[in-house]
Structure formats: structure tokens, C-alpha cells
Amino acid sequence: MLQTPSRRHAVVSETRHLLFTVTPGAAWIIVFLVLPSIYLMAVAFMTNGPYGLPQLPLSLNSFEQLAGVGFLGWSPGNLYTLLRSLWQTVVATGLVVLVAYPIAYYITTCRARWRPIMLLLVVVPSWTNQVIRTFGWMNLLAPGTPLSNLAEMMGLISPNMGLYPSNFAVTLGLVYNFLPFMVLPLYAAFEKLDTAQVEAAQDLYAKPVRAFWHAVFPQTLPGLLAGVVLVAIPAFGMYVIPELLGGGKAMMLGNLVATQFSGGSNWPLGAAGAILMLIATFIGLFAMRRIGKRLGGGEEVVI
Amino acid sequence: MRKRTLKRSSLRRALTAFWWLTLIFLYLPLAVVVLFSFNAANSAARLTGFSLRWYHQLLGNEQIIEAFGNTLILAICSSVIALAIGCLIGYGMYRHRHRKLGWLIVLIYLPIVLPDIVFGISEMAFFVQFHRLTGLLQPGLGTMVIAHVTFQIPFVALIVYSRFVGLDPSLFEAAKDLYATPLKRVIHFMLPTLKPALISAFFLSFTLSVDDFVISFFTAGPESATLPIYIWSAIKKGVTPEINAIATLMIGAVALAAMISLVFNRQRKV
Amino acid sequence: MTDLTNTVNTADRAEVADTASRDRRGASSIRMQGLRKQFGRDAIALAGVDLDIKAGEFFTLLGPSGCGKTTLLRILAGLEEADDGQLTIGGKDVIDMPPHRRSVNTVFQSYALFPHLSVRDNLAFGLRMRGEPAAERNRKVAEVAEFIKLGPLVERRVDQLSGGQKQRIALARALVCEPDVLLLDEPLSALDAGLRGQLQVELQRLQKRLGMTFVFVTHDQDEAMVMSDRIAVLDSGIIQQVGTPREVYEHPANAFVARFMGHDNLFAITASEDNWVDTGLGRLQLDPAEQRDAPDGWLLIRPETLELGGNIPADYNRLEGTVEERLYRGSRIEYRLTVNDHPLTAVAGNLGQRMHDVGDRVTIGLCPEDLVRVAA
């Protein structure tokens, strides 16, 4: 390989340019996010000291506590919380898909000039603060509201209980919160849909349902998967919605973790919970990349 | 382009109905908040009449005024810093996109994919310990700005990057070819071309900052409550109808932003 | 469609010649020596290019995609750094000079008009960057807009223009800077065939009128022949031949150039003696000037030089062939023949003569002076 002075100069100046542009941002994220995350992971392996602050020696105490081992022997409370988080994530994600899929399809069938407005209408509620949105649901589902009265009349809940706080309210809040996250990637997938494939399927005697299954659904799969990751990962770590709509019996992992820090009671336990969330996050991302690569075009939908 | 495939009138009617139901679902909670903010009664369950008393009370509440100020300061400071840093990194990613920058991509996506709560407690644990060791970075607006910039940088970087990727690469060369020095290329070519991207990146950063609760909550100090934090603690303490009024104002701001973005999009198309 | 050169009518010829000679003094020659460029570990774009381009010449770099012609152009513009070699423009060494300091402008293949600027600001961009005073700038922009007949469009935004208009603006934006050398990177490739043919003629006339040095890159040999004073044919980063369009077409330096210029009738020479050669077609007599010592290489027969049937002069080579296909192309008729199991193409101008039918046996006459030996 030729390495004349001018060429070497060019390589050096390009590298300097790369460093100049990328260093401030990269350093910022490393110092203020990567290092703190590493510290947090380390905390999980420390012992809980007075005031909830972590100290040496290293131990796996926090993980045992997360599994339910406490001063009074084993109790299933934390495990229930974990399972409930998983269950809520799965149910909410499933419901979001069921609502978002027809909505995304419907938008693509409308006139081109209406589509941006329709998308905006779907997205705008998520621009308001999460706390406010959840507060709105508290108002709607509280005992004595029309919705609660209706549920009471139908015998779905016991009198004067209201629809909130409950697991149902948390699921509803999650669906509400994450619907736009699913509509957008699905809409993008529908927008790119190659209608010739559908016509080909019909031409080859496929009935509507089969035409959908063979010609439409596979084309929307990358968008669907992107949506699932965008919904499921943050849903698993959700804090605000279960805290406000759930009450004690609908706690999720996010609340368990947050309590250890905000109450200042047990950092290592909270950190152990956070590690669990991190693992879930990376499994989700990894699965997404794998499936995305197999289907092709997975990379772009992540953005 | 209409998709003719499933175009059966009954199916289409069902879809239309479903669309309107979903819209009701999406806007009902917000509408309730707005409605109760004008409610004369002190109750969240019964409407008694129209009144502006909660808005009057807002003006007299110094904590709320202060929280509002904090929210604005936080959003503006963090967005400006994130814009500068994110812009540089976005351009760097574009210019060097043919190199292997996998580590950089992972780094950029990390703040986006990390669950809020993990993000928040990491920063909190870090700031608390850092403060204990050095006496610097006491939790407060400063630490909140740092945390917000951290989650805003990726969005700015990605917006700037995708704007550059959408450009004809020859434009950079045309600027060089037409006698523009490196500085002039930035002033007369890159910044003007980026302007729409910079505006939308700023607004997105601003919105993300105002929207955020969890990360703010964990990095805030005792004196630095923002509006979402104030609302949160008010809800936790027991709802006061004032909350509806602040919330309504914030919803109004979002509605305004939505209108602006709509008009802006329209203009760009013409 | 406005015409770039409507301004040049026959009455102005004297004046045009005068302008040309005056401007030519400003044009620059280009000298390249041993230019090399490599991308990555093994993609060699230029493998040592030596080339002299005269001042005021319309010079074309011709070759298939990936031959290095665009890389060479970008090195001239300063957009790419050569790994090795010398480059002087107008006698000045520019090899380490960044593009914004070179008096060289480029018309980009994609036009590269700045989308955030109006047509006027696009035209003025180079002058503004060079720091010319506003008054001077406005005068020059108005002049060039007038010159390319786009005066009414100057306030438009770039995305409101058609392809042909964009092409003109891109050209004007480069010309208004009055560069020593104008580089054109396949500027016509995005246009449809009709517009393209028209602009080929316009560009060529414009260059003669300005007397500026033009370096033009294309993969289209017809375009190259129509427009150029001289052509350099490139392949695999090496210059295969430099010459006038006629030299390159009629006397290609090697088989690659011959094929690239569109010649099909190439026959391996198996033996040669004095001015006789043996090929698959048979033993053929050449012009004594084509005599070579070595028996290698190829024999090129241009299809338009073949005589089919009729009166064939006595000193011509004679072959017997069969018509396999006849392609009627309006102005000419193309015959696909076989001679001794070798395919041979002949083209006859359509003068209303009787056409040969498929299956006919025909006598083919080859004038020795039209037979050209081509190196392997």
C-alpha cells in the first residue's frame, strides 16, 4: 500500500476531524451514562449499609433479596412483582398490537393529505407529560365516575371500589401510553407495502385472508417487531403508571427499584432490579437485531 | 395511492368507526383534565359549574411559578447544549459513515434504549456519590441539565445525521469547488442546509425535556422541582384541583406546538 | 427550449473568433505525471496516469464505469488526493492545493445545486466565497443568467426547475467564476436522449466560443466523438489511447479501445507475411503501411467499409459470405453475415438499392486501405 506524505497527512487529518466532532458527545455519554451505569451494576454486588447506601464487602445479598429472601425468611412478594411486570408487559404489548395494526392500516388507506394530520393526532397525546396523562386516567377511573359506575352496574367490580387502583388500570395506562410507539413503525411498514405482491396473491387465487397472511403480514413484520421492542422494553421498566394507577397490589419492577432509591432504603437491592431490566433490554434489542437481519431491512426500522 | 386490496365497504366502515373510537380513547383523559380545570366544585367526581378559580389560585402559588421557571430553564439550557454537542456528533457520524463506527452507534443508542428508571437511578447514584467524594455536582438544576442533555444528544445527532444522509453528497464537494474555505462551508452551506433539522431537533429536545418526569425526579435536588415533579408530589399528597389547571396549561402548550408543526410541515411541502 | 448558443449566429462569427482568441489566453493547460490512486487495500483507481491537456481544448476522458475517469477528474478538481504523482494546471503545481483555492470548477453529475438557495444565490455562490464585491457579483450573475437565457428564473427555488434547467444552472454556476479549467462529470447523463443531443452541440459550441479548457467525463463514445477535440480512453486506471475522435475510432490502439468504440469485427491474426495476414476469414491483403513484423494482434474491419456484391474493384480482397440476419435501421441497413463460420457485420447506407435477403450468398469486397491492425 502506498503511503506518500500527502496520503498520510490526509488520514491523520480525517482522524483528527473524527475525534473533534465525536469526542464531546461520546465523552458526555460515557461520563454521564456509561460510568454511572457501571457504578450501578457494581452497587448491586455490594452490601446494604446504614441509610441505604452501599458499602463493601461484595456479596450477592441483593440478588437473594430480589428473589424474596429477607430477615423473616422467604416471601414471594418480589417474585410476584417480577412476574406481574412480565405479565403486564406481554398483555399490554399484545393489546397495543391489536389496536395499532388496524389503525396504521386505516391511515395508509386515507388520502395522502390527511395522513400526516392523522399521524399527528395519534402522536400528540404522547407529547404531554406522562404524569398528566396518567392523572387524566385517575380522574376517569376513580370511584364514582361514569366509567366506574358502568363497570359496577355490569358487575365487573365490587361497589364503590372504582376501576382504579387496579391491575386493569395499569394495563389500560400502558396501552394508552405506548400506542403511538407501535402505530408509527407499523405505519411506515404499511406505507412501503408493495401492493403488487397483494395483487399477485389475488391473481394466484388467494382469498382475502390468505392474501393478507402471505402478502401483507410478512411485509409489515419488520415494523411490527420494531414496535414490539419500542413498547415492551419501556413497559417492562415502567414506573409512573403502576405507581399512580396500580396501588400496592399492582406494583411492577420499576416501582420496586425506585422505592429502594427514593426511600433511600436499599440501593443494592434496587441496583439488582435494574440489572434485571438491563438484561431484559439487551435481550429485546438482540432479538430484534437477529430477526431484523433475517427479514432484511431491520436496521432502518430501529431508527 | 390507495390500497385497493381490502377495500370492502363494510370493512372500511368498521375501520373508520374503530379509528374514531381510538381517537376518543386517546383524547378522553386529556379532555377530562381540561374539563375539571374549569370545574367550580372542589371535587374530582362531580361537575358543578364553570369557574376560573383554579387558574386564579395558580397565579398566587409561588411554588408553581418557581417550578414553571425551573422547567423552562432546564428545557432551554439542556436543549441548547444538546444541540451543539449532538450537531457535532451527527456530522461526525455522517462524514465518517464509511468507517466502522459500531461502538459509536451503540453509545448513541444507549440513552434511547435504557429504561428511564435505570437511567434515572444510575445518574442519581453517580451524582450522590460524586458529590460525597468531591463536593461538586450537588443535586439540583445543574445535575438535571446534565441528565437531560444526556438523553437529548442522541435525538439531535440522529436528526442531523439523517438530514445529511438525505443530501446529495456532491453538495459538499460543490461548496469546496466554489472556493468556500472550511469555515465558509459551515456558515454558508452546512448551517443553512441544516436549519430545518436544527429547528426540529431543538423542539424535540425541548419537548423531551418538558415531557420527562422519571429522570428529572431522580436527579432533582430539594430546590429544583419542575412542573411534572410538582404535579407528581401534589397527586401523591392528595389531588388538588389546581393540578388540573396547570395540566391544562401544559396540554395547551402541546396543542399549540402541534399546530405549529402542522403549519410548518404544510409550508415545507408547498 | 432556449438555446445556449442562439446568441452565436453566423453574423457574429468574426466577433466570436475574436472573443475566442482573447479568452484563450486565460485558458490553462494541464499536465499530469504518474498520478496514482488506490482505494482501500486493492482497488486501484489510477495506475500511473501521464496526460497533457492543451489550453483551450475540449478534452474527454472516456471509459466504462470504474475505469478511473471520475477519480482522475476529482483529482483535477482537488476533491480527491492522489497517492502519488505530479499535477500542474497552467504551469502551477496544484497537487497539494485544496479545491477552494484552485481556479477550476466542476459541473457535477447530479448538478449539486444548493437546495437552500435561490437560482441567483446558487449562481453567486462561488463569487461570494471568493469575496468579490457585491456590485461585481451582481453584474456577473446577471450577465451569465442572460447568457444562458435563464434570466426570468433567477428568483426561483432550485426544486422548481426541470432537469434541463438545473443542468444549465449548474453549468452557469461554474462558468460565472471564470475558471482556468472547467470540469464536467457526465453532466448530460441524467437527461433524456433528445435534450442530451441538443446540449452536446450547445456545450461544444460554448466551449469554442469561450476558448476555455474543458475536461469532460463520459462513458458514451458517441457523445465523446461528437464533442471532443481529443479523447483519452481509460481502462483499469490506465490510459489506453489518446487521440482525436477520428484517430481513436479509425485506428484504435488496442482491442479494448476498438471494442469500446463499438467495433464488432475483430479477427485474431494467426500469421502475417509482408502486407498479408491470415485470419479466420481467410488470407487478406493490407495496406503496406499496416505491415508489422509480429504476427500477433487483431484485424479490425469497420462494417461501413465493406462492399457487398455489385462491382468490386480488382485490388480489393474478396470473400464469400451468407446473410444470416438483416436489420433495417432506416438510414442504413445492417447485415449479419457468416464467412467461413465467422460472424461479420456489414453496414450499408440506405441509398434505395436492392436489399440482400436472409440466406443470400454475397460477395464481400474489402479495400486493403480500410483494414487496420490492432494490438492485442
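Letters A, B and C name the chains as they come in the text, with residue numbers starting at 1 for each one.
Convention: contacts are C-beta pairs under 8 Å (C-beta built on N, C-alpha and C of every residue); 3 or more make two chains touch, one makes a residue touch a chain.
Nothing here was measured: the structure is a model prediction, and the numbers come from that model.
K.L.:
When the mean CA coordinate of each chain is compared with the mean CA coordinate of the whole protein, which chain is closest?
P.N.:
Per-chain C-alpha centroids ranked by distance to the global centroid put B first.
K.L.:
Computing the C-alpha centre of each chain, which chain sits at the greatest distance from subunit A?
P.N.:
C
K.L.:
Report, in whole Å, the distance between the mean C-alpha point of subunit A and the mean C-alpha point of subunit B.
P.N.:
17
K.L.:
Averaging over Cα atoms per chain, report the distance between subunit A and subunit C in Å.
P.N.:
59
K.L.:
When the centre of a chain is set as the mean of its C-alpha atoms, what distance in Å lies between subunit B and subunit C?
P.N.:
Their C-alpha centroids are separated by 55 Å.
K.L.:
For subunit B, which residues count as touching subunit A in their complex?
P.N.:
Interface residues on the subunit B side: 1-7, 12, 15-16, 18-19, 22-23, 25-33, 36, 44-45, 85-86, 88-89, 91-93, 95-96, 99, 104, 107-111, 113-119, 121-126, 129, 146-147, 149-150, 153-154, 157-158, 162, 207, 210-211, 213-214, 217-218, 227-228, 231-232, 235, 239, 243-244, 247, 250-251, 254-255, 257-258, 261-262, 265.
K.L.:
Contact residues on subunit B for subunit C in the complex?
P.N.:
Counting only subunit B, the residues touching subunit C are 167-168, 170-171, 173-181, 184, 188-189, 192-193, 195.
K.L.:
Which subunit A residues qualify as touching subunit B in the complex?
P.N.:
Against subunit B, the touching part of subunit A is residues 14, 17-18, 20-22, 24-26, 28-30, 32-37, 39-40, 43, 99, 102-103, 105-106, 108-109, 112, 116-118, 120-122, 124-125, 127-133, 135-140, 142-145, 176, 179, 193, 195, 198-199, 202, 208, 211-212, 216, 233-234, 236-240, 244, 254, 257-258, 261-262, 267, 270-271, 274, 277-278, 281, 285, 302-303.
K.L.:
Which stretch or stretches of subunit C touch subunit B in the complex?
P.N.:
74, 77-79, 98-101, 104-106, 108-117, 125-126, 128-130, 173-174, 177
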